[in-house]
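All chains are identified by letter, namely A, B, C and D, in their written order; residue positions are counted from 1 within each chain.
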Amino acid sequence: MTDQPRLLSPRRLEAFSDGVFAIAATLLVLDLSVDHLGSISNNDQLWHALGAISESVLSFVISFLLLCMLWMVHTRQFEYVKRVDDPVLWLNSLRLLGVVLIPFTTSVNADFSELLLGRLVLPLNFLWVLLFDWALWRYVTTSPRGLLGDMSDDEVRASSRRALGAVVTGLVVVLLAPFIGSWAFLAFAVVPPLDAAIRGRRRRRR
Amino acid sequence: MTDQPRLLSPRRLEAFSDGVFAIAATLLVLDLSVDHLGSISNNDQLWHALGAISESVLSFVISFLLLCMLWMVHTRQFEYVKRVDDPVLWLNSLRLLGVVLIPFTTSVNADFSELLLGRLVLPLNFLWVLLFDWALWRYVTTSPRGLLGDMSDDEVRASSRRALGAVVTGLVVVLLAPFIGSWAFLAFAVVPPLDAAIRGRRRRRR
Amino acid sequence: MTDQPRLLSPRRLEAFSDGVFAIAATLLVLDLSVDHLGSISNNDQLWHALGAISESVLSFVISFLLLCMLWMVHTRQFEYVKRVDDPVLWLNSLRLLGVVLIPFTTSVNADFSELLLGRLVLPLNFLWVLLFDWALWRYVTTSPRGLLGDMSDDEVRASSRRALGAVVTGLVVVLLAPFIGSWAFLAFAVVPPLDAAIRGRRRRRR
Amino acid sequence: MTDQPRLLSPRRLEAFSDGVFAIAATLLVLDLSVDHLGSISNNDQLWHALGAISESVLSFVISFLLLCMLWMVHTRQFEYVKRVDDPVLWLNSLRLLGVVLIPFTTSVNADFSELLLGRLVLPLNFLWVLLFDWALWRYVTTSPRGLLGDMSDDEVRASSRRALGAVVTGLVVVLLAPFIGSWAFLAFAVVPPLDAAIRGRRRRRR
């Protein structure tokens, strides 16, 4: 009984996670390097060289915005979490493991976008993070230890649905990526409003 | 209605942004590398080698100080923001996208400072950040959701003018850079006191 | 007497440490690089190339999770520390010195895992951190300056035992690593529950 | 008058600075790379290779501990600063400019330690930071805007003396470095207790 460690405030988990997200997002830029531009002696050549790395720039922008989205999901979740125990710390670590890998899978995606495997690596990486987002949220909302702060049942249900919806969207991206490459990530912009529209229509019917 | 997510405290947005600014500022130093110094066996050669990278050092110093300035603008803005919603989070992400790119555009600027395009990349990058600074501030001050803390109308007007003034200065830098290169950034040191002087004279006239 | 500096709140020590842990954990990914994949033109080759770096990926995952574990130990300790003085700051710096080295020792471990010395470097690095974890905790709990917050004698004893247990486990890893390589780190997963089980049985006997 | 911006809390200056210190300290490890070890096929060769980079490791350890020391100075100073204005923000930025350069000057120092200039670069870098430490503290303690929190005159005097003493020690290191290289940094360990001893004797005489 004495050995049971105390519940912790999520404060430092948040600081550690913010750091990891910020660093992963910033390391993405290391893939853009003047060394890749080749030898250049006039404006036309620089223009072409920048054009040649435009695919890398696009990969960078997509991954940066998706990382920001994952960070927002994290921030929203922990707005409600008031205490954390060991399983939360570990689930969060496994989630961050996926976050840290994103700079690597982004460059695989940029370099081998014409290969099936190259197209799948980044979507699978995001799916990993979204799965642990959902698992952590499920654990927190069902734990009997009182980890959750003040939150109505409606809010719990809405946020659980959002977490599961993100996993489904992540799965849709994995399925679409072999056919349309990075465009598949647009699902993250399309699915939530679609879901809201369908849900709104249903509600009006009742 | 239930789906409408709560407003968040800006605490974690600040932590994430501070991290991104700090990392971008520190990554700038990776452009300075002993590998660029070449083979060196005496003091004279080291002195010359350090002289040869003096342009890179200058680029580093300029970008570092400009990043510090952008961070200060961010800090001043969020001193007044008490709550954030999704548009604020996304506008801030787009602003940070520009911040993260600065180490890359700085090295483009250092390596191709004799080319028109090389001179324009860094000023355009800064203009991007300043535009989203202004857009975010505009959104926050006009939103009916009560995002702003205790702030008088005069203070709101003064800070909006400062945000717009920064965009104008950024534009001046873009226009001057083709002619005078990195010296154009001195506009950030010259314009604000000039503006204050003109404003002061006008006020005295009334 | 006047020269004696005040005791400080651990707030900034925590922020600095969180930053160092987050960066060390994220820098691990730099070891995974598309440049190591070689020239690839079809799916099979990419599959093989990713298989060829699977040992690096495993090293990355192990070191990432161990770093997360060290961060959790740090977080748990400072949950109870309410004030810090110079010796605490220095002991923490020496602990972080070990944390910062982990990306380097991880790549030594990944590249030379078939050599005795290659196998020992990473376990010794972890032992260093665990030793300073324990030393810092010992200093804090025995200092007469009142560094510790509200904590029962039972809790102090339990946490001291945990800190010493971690050092012993670290030592076991060092001893096993020459024979079973990275599998030795499984000791961190095996020893604590074993210890708890033995302890539980003893208690029931009384 | 309306244009005069409000005084800010030092909270975000601290977060930004902690980030910069943490990243600079962690980037130091990038200088230690398995790529520098050369081709190795047995234990003896790895042992020799690690021995060959021992000078780099020593440089790393010295710079890491000095960075930790500079961070402690920063932390102690801002323990007393309750509000910051623009000059404080800029003086802090110039101080951080020196901090960010340390990974670069450390590798110059490690690679060219047999040259006079190579020996001077790192001590001059530290002197830069210490000078701005002192300038910032001087500004804060003499500003009429009430930036300082609750602090007795004796405490102000003691801390000003410590800041100036650090500058002097930094100068001693610059003067000694041409003759004894990195050993000169031991001055930071020797001078403060020496100073305390002399001061203590004087006090007893009165």
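Basically, a contact is a pair of C-beta atoms (placed from the backbone, for glycine too) under 8 Å apart; a residue touches a chain by one contact, two chains touch by 3 or more.
Quick caveat, the model's predicted, so the values are computed rather than measured.
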Note, CA centroid farthest from subunit D's centroid sits on chain A
When subunit A touches subunit B, do the two copies use mostly the same residue numbers, with over half shared, or different ones? different
Taking each chain's centre as the mean position of its Cα atoms, how many Å separate subunit A from subunit C? 26
Using Cα averages as centroids, what's the distance between subunit A and subunit D in whole Å? 37
Could you list which residues of subunit C touch at least two other chains? 15, 19, 22-23
Subunit C partner, complex, touching residues on subunit A are 2-3, 5-6, 8-9, 12-13, 15-16, 19-20, 22-24, 27, 86, 89-90, 93, 96-97, 100-101, 103-104, 107-108, 111-112, 115-118
Give the list of subunit C residues in touch with subunit A in this complex. 14-15, 18-19, 21-23, 25-26, 28-30, 32-34, 37, 40, 42-43, 46-47, 50, 61, 64-65, 68, 71-72, 75-76, 78-79, 154-155, 158, 196, 199
